[in-house]
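The next block holds one structure in the form of C-alpha cells; read it before the comments.
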Amino acid sequence: MDQLISAILIGLSQGAIYSLMALALVLVFRSTRVINFAQAGQAVVSTYIGWEVVTRTGNYWLALPIAAIAGAIVGAAVESFLMRPLSKRASKGAIAPVASVILTLGLLGVLHSGAAIIWKGDQKLLESPVSAMGITVGETVYPFSQTDFLIIGTALLVMLTFSFIFQKTNLGLALRASAFQPEIARLSGVRVDRIRAIGWAFAGAAGAIAGVLVTPGSALSPNSLDLLLVFGFVAAVIGGLESLIGAALGGILLGLTLSFVGLYIGTSLTFVVPFVILILVLLIKPSGLIGGRKSRNA
Amino acid sequence: MMRFTRSKKGMIGSAIVAAAALAVSALPAQAASTETQGVTATQITLGISQPTNGPASYGYNKVAPAMDAYFKYVNANGGVNGRKIKLIVKNDGYKVTDAVNKTVELISRDKVFALVGSLGTANNIAVSNAVDLAGQGIPSLYVNSGFSGFANKSTYKTMFPLFPTYYMETKVLGEYIKKNFPGKKVGIIYQDDDFGDDALAGLKQAGVTPAASIPYASLSQSAATAATWVSKLKTADAEVVIMYGVTSAAAFALGTAYALGYKPQWIIDSVGGVSATLQLLGIQAPLLNGVITSSFLPASTDTTDEYIKLFQTINTKYNVAGTKFDDNVVTGMNTAMMTVAALKAAGKNLTRSGVIKAIETKGKTFPSASLAQPQFSTTSHVGYNGFWIGTYDATGTLKPETGKYKIYTTDSGSGAVKVSTWKRPAMPAKGLPK
Amino acid sequence: MHNHRAKRLIGFILLGFILFLIGNRVDDLRLYQGASVAMYVIGIASIVLLTGFSGQISLGNGAIMALGGFSATLAQSTWGLPLPLTFVVAVLGAALFGSILGVAAARLSGPYLAGATLALAVALPSLANQFTFLGGEQGLPFDSGSAPTFLGEDFSRFKWFYWISALAALLMTWLISNVLQSRFGRSWRAVRSNSTAAELVGIHAARSKVLAFTLASGVAGLAGAVLALNLGGVSPSAYPLSLSFALITGAVLAGISTLSGSVIGALLLVGMSELVGSLTSRFSLEDVLAENLKELLVSVLLILAVVFTPNGPGDRIRERKALHKKTK
C-alpha cells in the first residue's frame, strides 16, 4: 500500500514538471505550428539566469519570476529574429517541410554550447527554498515534500493562468486566431507577427519555470534539460498537441507511468518507456487522448 | 534540364576533389610510429585522453592537472634520466568516438611515446581495438578503469591497469558485510552497465545474496528515481545498502533517503564515495557520518602519511593555483609517480618495449602511495589488488576501521579474500623514484 | 540517359582512383580522418535521400546507424562472416528495421515524425544496455581485420580503414545516385512537393515514402558498419544523439537534396573539428571554450544555412542564374 502511494506521489510531482514543458511546446505549436526543440536550450539558459539570481541574492522566490521573464524575452527574440525570417525564405524547395525543425535544432546547439562557454560544463546546484524532507503521516515518511507542493502548485498556477488568458481574454482570442487562420486574423486587424512573438514568450516563460522547478531535484548543466524536452514532447503528444488541458493531463499521465514502471519494474527502463508510449499513441490515436479533429498527416 | 545539371555538378564536385588531391599529394608520405617515438635527448612526450569538462568530467578533471603537477616536480629535480616529461592532455568528453579520434591524434600527430591514465572502460577497449595498441606496441599505462579484462596480457599486451577492479571491491565489501553485519538484509543499488554488473557479480561471489537488487540506467539518476530506489529498499527491509554507482547517483541516494527518513547502513563504492565530490553535489558532511566506503590510497585528509604530505606540497607549488587538495589529486599524482618509476626503470635507452618489460619485471617494487601492493608480473598485468575499509565521521573525514589501514586483498576470480601482511615500503627520498 | 549513366560511372571510377592516390601520400591521422569523412558521406547520403528527396525528417538516423553497426558485429561473431558480408548484413538489417519504421512514419508529418525519431535516438542506445548479448555499456568488439599480406608488412592499419571506408562510400553513393535519378527519385520529389497531385498521376504516396525510409535506413546501416570498422567495435555511446544531429547538419549545410553535397557536408563536419583544434592550439584557447566552440560554430552555420541558403548554396546560385536569365 505504501509503495502504491509512493508511486502516485512521485508520479504527480514529476508529472507536473512534464506538464509545464508540454505546455511550452503546445503553446508554440498552437500559435506557429512548429515544435520548438530549442525549448530545452531556452529553458536551460533561463534556468542558469535563475541560478545566478539565487547565487547572488540567495532568494529563490526572486529567481523564479526573473527566470520566467528571461525565458519570455528569449522566446520572443527567437521568434522575431529567427523563425520569422525563416518562414519567409524557406517556404519552397526540398527543405520546406523540415526547415523549422532544423532551425530549432541549430538553435539548440547554439544555446547548449553558449551556456557551456558562459557557465562551464560542470553541474551546478540549486537549493529548494522549502524543505525537501518527506512528509510524515503517522509512522510512515512519504516521498512528498513541501518542494513537491511548490512544484505542483506552481504548475497548476501557470496552467490556470494560461488557460484563462487563452479562453477568456482578447489576447487569447488573437493568439488562437493567428494560429489557425493567420490571413483572416490579419485582415481582422490582428498584428499577427507580434501576437506570434507573444505566444513564444509565454512558452519560453513556461519552459523556464519548468527548468527552475526541476533543478533542485537534480543538477544544472547545459544538457540537463534535454531529457525533459523529450518527456515534455511525449506528454504533449499524449495530450494531443492542441489543448493546454491535454498537455497538463499528458504530463501527469507520463509522470505516473514512469514512476509506476520505475517502482514495480525498474528504473533501467526510464529511457525506453517514453518511446514506447509515444509510438503507441501515434499509432493508435494520433490525435492524442484528448485532442480534436486535426489530423497528423501532411 | 535538371538531370543534366546534377550530373554536371557531380563532375564538378569530382574535379574539385581531384584538384585538392593533387595539392595534397605533393606532401611526402609519413612513416608509422616506432619504438622510440616521443623520446628525444631532452624530452619524453606522454599523452592522456579523458573528459576535462562537461557532465562526465566531475572529479576526473582534476586528475590530469595533478599528474602534470607531479611531472613538473620531477622535471625540476633532474627529470627522468636527464629528460623532462611533457604531458599532452586531450579532452574526449567520455565519448568513445572522441576517445579514439583524440588518441589517434596523440599518436600520429603529437607523436607521444606512451599513453597514460586514459579514462573509461568502453573508451579504452575501443582505442585498443581501433588503434591496435598491441600490434603497434604502443604502451597504455595505468588506464583509469576497474575493468578486470585489461589485466589479460595476451589480449592487451601493452596495457596496464592500475586500480583494483570493481569485482575485487565488492568481494572485499561482501566479506566485510558478512563479518560485521551478519544476518542483516542487504540491498544494492547499481549502475546498469558493466560498471555495476561487475560489482553485482563480485558480491555474489563473496556469498552475499541481496534482498533487493536495484539497477538504474546510467544518467537517469535524479531525486525522483532515487525515491523509487528508496521505496524498494524499504519494502525489502534492507538494513545494509551498497550504493555502486557514480558520485552523482550516490549523492541522490543519500540525499533522498535522508529526506524520506530512511537510515540504513550505507556502503558506497570507492568511485562514488569520494567525500569532496559528494559535498560539492550538495551532501553536507554530517550526512556522511557513519557511511562506509573503501579505498586503496591513503585518505587525502590523513596528514600523518608521508606520501600525502609530499603530494600536498607538490599541489601547492606546482598545480594550478587554488586547486583544492582531495582524493582525485592524490590519484593523479600517484599514477604520475608510477609512470616516472616505470620510465626510470626502463633505463637511459628508453624504448616502448623496454618500458613494458620494466613494469612486468620490476613493477612490484615501484614506489607508490597505495597501501596495496602492485601485482605486475610477466604473466599478468593486474595492478593493485586490495582495499581498506573506512567510515566517515561527522566532518566528512574518512577514518580507517580500527584506526589503522587494514588491507584486504583478493583477485578478480574465485580466490578468497585475505588480510594482507604487506607493508608499504618507505617513500624514496623526496618522493622521486630511483 | 545511358550517356549520363556512363558518364557518372566514369566519374566515380576516376574519383576512386584519385582517392587511392591521396591515400598513398598522407599520414595516419589524415587517413583516419578520411575514413571518418567516408563514414559521414554515407550517413549524410541517407538524410539526403530521406529528407531531401522524400521530405521525411528523421532525428534518429544515428540510432539506425547503431542498428547497422550492431548487426554487422553480431553477424561477425555469430556466423563468422567475412568483412564484406557483415556490411551486407548491416544494410539489410537496418533496411528491415527501416521498412517497419517507415510504415509508422508514413502516417506522421513533420513535427510528429521528428519527435518520434528523436525518442528513438534516445531510447535505442539505452536498449543495448538491457541485453547482455549486445555487450551493455562497453559494447562488443568488431574485428576490423587487417590488410591482406600481399600488401606488405608495413601496410598501415589506418590506410586499411581508409580503403574500406572510401570503397564503401563510393559504391553506396554511386548506387544511390542511380536510384535518385531513376523514377523512384522522381516520384519521391513529386510526393514531397505535392502528394495529392502525385497520387493523381498514379504515384502511391505512402508506399513511396516507406520505400524511401527503407532505402535510407539501409544506407545509414552501412554508415554504422563503417563506424564499427573504424572504432574496432560498437557500443551505445558511439551512436549518441549528437550523431543524428551531425548528419542533419551536414546534409543541410551542403544542400539537403544534392547527393554530392554529402561529400562537402562530411568534409565540413570533420574539417570543423580539425579547424577548431588548430585554432585552440594557435591561440591557446581555454579548454571549455575550445570544446564548445565547435558545436557553437557548426550550429551557427546550420542556422545561417537554413535561413539564407535553405536548399544549399548550389540552389542559391541556380536561383540567381534563373533570375538573371529572366531579367535579361
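Quick notes on this one:
For clarity, chains are labelled A, B and C in written order, and residue numbers in each chain start from 1.
Simple rule for what comes next: a residue touches a chain if its C-beta (ideal position, glycine included) is under 8 Å from a C-beta of that chain, and two chains touch if they have at least 3 such contacts.
Everything quoted here is computed from the prediction, not taken from an experiment.
Any chain touching chain A that also touches chain C appears here: B. The chain pair B-C and the chain pair A-B differ in C-beta contact count, and the higher one is B-C.
Using the average of C-alpha coordinates as each chain's centre, B ends up farthest from chain C. Inter-chain spacing, taken between the CA centroids of chain A and chain C, is 32 Å. Spacing of chain B relative to chain C, judged by their CA centroids, is 35 angstrom. A separation of 38 Å divides the Cα centre of chain A from that of chain B.
With touch defined as above, residues shared between interfaces to two or more other chains in chain C number as follows: 126, 129, 288, 291.
Of all residues in chain A, those touching 2 or more other chains are 116, 120-121, 268-271, listed in ascending order.
Residues of chain B found to touch two or more other chains are 53-54, 192, 217. For chain A in complex with chain B, the residues that touch the partner chain are 2-3, 6-7, 10, 13-14, 116, 120-123, 125, 127, 132-134, 136, 141-143, 145, 216-219, 221, 223-224, 259, 262-263, 266-271. By the touch rule above, chain C contacts chain B in their complex via residues 4, 7-8, 11, 14-15, 18-19, 21-22, 24-30, 32, 36, 126, 129, 132, 136-139, 141-142, 144, 146, 154, 156-158, 177, 181, 227, 230-233, 235, 237-238, 240, 258-260, 263-264, 273, 277, 287-288, 290-291, 314, 318.
On the side of chain C, the complex with chain A involves touching residues 51-53, 55, 57, 59, 104, 107-112, 114-116, 118-120, 122-123, 126-127, 129-130, 189, 192, 195, 241, 245, 248-249, 252, 256-257, 288-289, 291-296, 298-300, 302-303, 306-308, 310-311, 315.
By the touch rule above, chain A contacts chain C in their complex via residues 29, 33-35, 37, 82, 85-86, 89-90, 93-103, 105-110, 112-114, 116-117, 120-121, 226-227, 230, 233-234, 237, 241, 268-272, 274-276, 278-279, 282-283, 286, 296-298. Taken together, the chain B residues at the contact with chain A in this complex read 53-55, 57-58, 192, 214-217, 220, 222-225, 227-232, 234-235, 248, 252, 255-256, 258-262, 281-282.
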